[in-house]
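Shared between the two complexes below is subunit A, which pairs with subunit B and subunit C, respectively.
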Partner chain A sequence: MPRHGILPAGTARLLAFAALVFILGAAFTAVEPRFLSTQNISAVTRHMAANGLAALGLTLVVIVRKFDLSFAGTACFSAMTIGYMIAGGHDLWLCIMVGVLAAAVVGAFNGMAISYFGLPDIVTTIATGSIAGGLAFLYSQGRTIFQNFVTSGILDLNDARLFGYSVSFFFLIALYAVAWVFMHRTRYGASFYATGENPVSAYFSGVPVRTYTMMAFVICAVTSVFAVVLILAESGTADTNKGATLLMPAYAGVFLGAALLGGTSVLATLAGTLLITMLLDGFSLLGVPYYYSDGVVSAILLTGVVLFDARVRQLFSDLASFIQPVTSASEKRS
Partner chain B sequence: MTDVISTHAVAERRHSKAINRIIGRYWLVATLLVMIAVFAFLRPQLLDSSNIATILRSSALMAIMILGLTWVIAAGKIDVSFMQIAALGNMTTAWLLASGSGWTLAAICGVAVGAVAGLLNGTLIAILGIPALIVTIASGGICASIAAALGKGTSIRIADAGLLGDLLFTNWGPVPVIAVIAALFYLISWYAQEKLTFGHYIFAMAQNEKAVNEAGIAARSLLLFLFVLSGICSAIAGVLLAASLSSGQPMIGSSYFIDGLTAVLLGGLMLRIGKPNVLGTTTAILLLSVLVSGSAMFGWADYQRQIIKGVLLLVGVAVAMQFGHRSSSPMQGA
Partner chain C sequence: MTVPALCAKAVSKRFGRINALDDVDFVLEKGEVHALLGVNGAGKSTFIKILSGVYVKDKGVIEVDGREIDCHNPKDAIRCGIATVQQHPELVADFTGYENIFLGRESARASFLSGIDRSVLKRRGDELLSRFPVEIDLSRRIEDMSAVEREIIAILQAIAGDHIRILILDEPTSTLTEVEKEVLFRLMNTLRASGISILYITHRLEEVMEIADRFSVFRGGRMISTMTPQQVRDKNLSLAELMLGETLGAVFPEKAEPAQLGELVLDVRNLRHQRLFSNVSFQLRRGEILGVFGLVGSGIDELSKVLYGALATDAGSVELNGREVSPKSPAEALKAGIFLVPGDRRVEGLSLQQSSIFNITLANLGRASSFAGFLKRSANRRKSEEFAARVTLSPANVTMPVSGFSGGNQQKIVVAKGLFADADVYIFVEPTVGVDIGARAKLYGLMRELAKTSGVIVMSTDCDEAHGISDRAFALYKGRQVVPVDRVFTRNELLMAGIMGDATHA
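Entry: the complex of A and B
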């Protein structure tokens, strides 16, 4: 199955996706007219930025056919690192740099363990995620950090506007554009795909397979920090569980997008994230309690993956041809 | 002359190999004994009969929860929804009790809900062939949401712990009855794993699922059964926890998640190296419980324990990969 190109698997799927977004938007607007208000659209774009950034790194990990369950824990650790630095009165960009660096170390550790030492990805990342989540408590023994947040300027990341929309959304679009060019228009991106499709043949084609696998994990950790910085900016405090909410939407975005557009790619993840964020935001606008959100995302993810699974569609077409096999055959003959 | 030397060398090698094997097979038990000795030396109250009963009781609950998980991982799959299924079983029981039904009905429904969740997992993974991690992440999210929704986001108090509560807190000397029951469960499952073809099939699944299928074994049904079993085991533990805590907790012990996986994978380092098995799981659970109890006496915080467990899991996996055959590694890519 070809997985490269501008449109992952044909224009038809893209049109279907656009129709789905339109129907969903229309349905929400019909029930709750505020869905189309500038305020809500601005909120959707802001939430989409956080979810989309976390999902972008995960996309790369999934493309090399691995899983990363640690980025939520890593994000918690980085969030507390950044919070601690901000409380210490350091420059904001230095704080974020240190946070990114801390996550990159965890990501590099994951990548080393999995690609160079051949440890199983799921278990390793669960372990490192747990360790990173534990380390997040070290700075303040689990207490919330809020000192200096107002004066540090981190809140501006949330409040800054460009053409009426949050700057973070444009950052998301820019990063996705870069990622798209990188993944789908350079040989480096092709190497990521090759590593996932067939590591042995990729290796013999001159792709340093292990380096690419490791890079995927490092990038995943780093983008999750970008996401958590936005969450910090929105809430104005650093908690030990600030990154924990990233896991579900990121997985849902990547796999729902892959199911909709027929393959894991940067665009597919963006599409999946848009859909997930619309749904989450729409439901919260309708006043659905917070504890349903994970369930809704999970249910959509499961439905999407099942409905678009190749084997299930085969099953459906088999069923269809079983129900009316004669008519279609006779039509062809006549 | 050369003959003598070579036979001598061979004998020596065989001897050292045998020692290696014994160390490989039983080091976990040795670690457990050393740990008990060290903790007991530093804090003698560890061996108080009331403390032993507490350790055994928590171990028994843990053991029941992850009995099914052990075999799921041994079959080369992963189930990350076991904790949320336990929470769902727990909340279902508590909710039914709160709305006035008896313990028998509530407990049966709690377990049945777990079986349904396991059936959902099993159908999607075994029959449709969707990656186990994605399915169980999503089903876990759904279960957690339903559990939270049942209590409207908070816990449900249970007025009367009923017969199960009496059973849980009945001790024979220092040994709680529930520990004896859990031990019986494990004895039966050990028999099934070691003496019946059932056990051989499980370990064969991890090696080569296709080959197992070609050999005429109903691999799909077996996998389906394993996931249903895992769901039932988790739900039973959830029901027991409802009686033990006299309440239904929607976020029931997220610590069970990392503990469960750590126990199963550490257990895989004993007896059958690199392959999770029920006796290994039992030993690893006791190890973790002693660690928790001992570290509580030293006043270590929860997050410090979380870090220690994460490190244990990481070291365990690394050692398992070193000793075991890479081809039969558990959970590679799920």
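Entry: the complex of A and C
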């Protein structure tokens, strides 16, 4: 029986996940002992914050059973917007607000086009993503922006520590906690899930499915800006492909988490993001070129999607019952 | 004795717990027009779908020309000489008649490089058409053709393969006028004369009397009898008697006493939606169940959706509790106090992977949550368990995904959802499709219970159901409301009103 649920699935899956984290950590430590150093763990938590924030918004889009391929381009656009504003000497929080607003506009456009005008999600978001990515070049004709970055205070977002770890990690945990309550304990979360699972029945139950689909795209765009702000803070400069690296880890986090914990949920995405970040960090520590590690992450993403697909799991269970007819699964519905 | 064109022996088919077809024996002679009669769910559609390879039979033997065949898809059936024209033939609207007739066959001889040779298509199409006493301009596009012309194109397409010996027509006359029908019958007569056997589904006895050599009656998944029109004339039988047989009276709960009727809750006047139905008017009181009977395509599905706000009202008014309402969406209808138990519960009624609690509370999330939208989890669970007990959900587990329940129990969950939504008017559409007889009785009991405090409308393509569960009923025939004069319809009158548009034939 498929077990996508509003609740994170059973303890067995959580234990399996913990075991996987442990094995992965042990393997990396065995090859490169620096993996467990304070410095590296601090880096893992920082990178996890950026990846996790982008994946959080994407989780909502995947829950309403859509795809958003634009948020990386949108993040680039927002990064340059924020960089341009910082260079102009504006207050840091105002700069971030404007960046968030710019992304929200793109997200709202996506949502409108897809939910109200019924355009195909993948094509639409590829288009808006490249438009936004192109707009990112307008501020400086593609040149890197770094003016005022040191004095603006944005670097503190990267450097500030709490109990020895980056503040951004605690921000991530706090936002995930809020998202978990929102998605799994309120009527709004229930409506997101109802919209994704069966939009027709949700509509007949009085759920404004179009509004929820649109909101998912807006939230996805906004959290990708949160992620790119952390990237800006880490590098201290803004350039036109700052958000581009967000796409693959976010998808890998969402789908790997869903495959591990048996359904798309806030907690599953957090778990998936932890694994992906550990992998990426471990590879870079070992000096594996990024084009290999990207390949590995993409392969993992593909595996996650395949495992998440109900038909594939049905196939596996059919195979299992074929090999072991004694434990023949419960009678299948016609 | 000659070998029959088609012979079925002890053919059976089950869908889950439902016996759709039970030990059917059937013989189709060479060159005969054989009609199949029966109400919805009687099994005639399942039977022809097995013959045409859409479904695979569970048991039994089918022989064509004395040789056993085993069809697993429509292609197999066509290879065996069985062609089928569906109720709504799938033709390509912007192709011409010629192109449609030979669709998929154009390059039978030519190589794929030569493309479609239009002059060959035209010659072969004219050749085919010249065998029949009908006149059609095949160079016109399908979208410019009338209903009967399309039907004829579909038939020509079906018999374009020269080896076709058996033609199945699924309700070919349902959209035709009287004049058009004669054209179709002329074509059928010519086909019969050329030795092709025709199996023909219809709801109308007078057509059977006119065109069929023999006919068979299906009821409850069984083939009841095969007769000739002459026998019907001799014995003076009526269609209703043939199609309905015994009532399932025991399944239905007691009807309401006049004293139990409460105040007027719903007053519908001259409702219209596009050309699908118009001038529908009725009143509903608390304490009563109103039945609506109509065939597929009669407009009952659209009527339910207009009342529920999912389709637009083009004319007319709806008053709920004395106040005019015009819901623009199901959300508004729910707020006003109308709840729809939709016809296709798997598509329209439930989130199958979610729990019963999730589904039961979904239509009234305001009631399910408190301040700032936080779900009242323990209260929701308690309420869900209470409602699950009231609808006798089995197993009584409100946390497992609803996909694990049987059809009848899934329907009970939709009813529990309605209880939680707390409406004044409940509309049931096709409430017992795919529900076994035991769960059916329970659902009818639940409807009666709901009717104690609210108004209930039951819309069904099953005449027995619409009549048996309701206190009074009307029929919808091709979008036209057929109401009884000064009294309630008998079962036979309701059937005739729904399938002929006129109750006086009963």
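Keep this in mind: the second predicted complex is superposed on the first by the 296 of 334 C-alpha atoms of A that agree within 3 Å, B and C clash if a C-alpha of one lies under 4 Å from a C-alpha of the other, contacts with A are read in each partner's own complex, and residues count from 1 in each chain.
Convention: contacts are C-beta pairs under 8 Å (C-beta built on N, C-alpha and C of every residue); 3 or more make two chains touch, one makes a residue touch a chain.
Not measured: the values here are computed from a predicted model.
Student: Quick check for you: in the superposed arrangement, does A:208 touch first (subunit B), second (subunit C), both or neither?
Tutor: In the superposition, A:208 touches subunit C alone.
Student: Which holds for A:127: it touches subunit B only (first), subunit C only (second), both, or neither?
Tutor: first
Student: Does subunit B (first) or subunit C (second) touch A:97, or do both, or does neither?
Tutor: In the superposition, A:97 touches no partner, neither subunit B nor subunit C.
Student: For the overlaid complexes, name the partner, subunit B or subunit C, with more touching residues on subunit A.
Tutor: Residues of subunit A touched, subunit B against subunit C: more for B.
Student: Considering only touches as defined above, state whether A:193 meets subunit B (first), subunit C (second), both or neither.
Tutor: The second partner, subunit C, only.
Student: Mind working out whether A:185 is in touch with subunit B, subunit C, both or neither, as first, second, both or neither?
Tutor: second
Student: Report for A:302: first if it touches subunit B alone, second if subunit C alone, otherwise both or neither.
Tutor: first
Student: Considering only the touch criterion stated at the top, classify A:285 as touching first (subunit B), second (subunit C), both, or neither.
Tutor: Neither partner.
Student: Taking the touch rule as given, give the residues of subunit B at its contact with subunit A in the complex, in rising order.
Tutor: It comes out as residues 78, 80, 124, 128-130, 133-135, 137-142, 144-146, 148-149, 152-153, 250, 258, 261-262, 265, 301, 303-304, 306-307, 309-311, 313-314, 317-318, 321, 326, 329-334.
Student: Give the list of subunit C residues in touch with subunit A in this complex.
Tutor: 15-16, 308, 310, 329-331, 333-335, 340, 342, 347-355, 358, 361-366, 368-369, 372-375, 377, 401, 403-404, 417
Student: Going by the contact rule at the top, pick out the subunit A residues touching subunit C in the complex.
Tutor: 1-6, 185-188, 190-191, 193-194, 197-198, 200-208, 333-334
Student: Quick check: in the complex, which residue numbers of subunit A touch subunit B?
Tutor: 65-67, 69, 113, 117-124, 126-131, 133-138, 141-142, 248, 251-252, 255, 289-299, 301-302, 305-306, 309, 311-312
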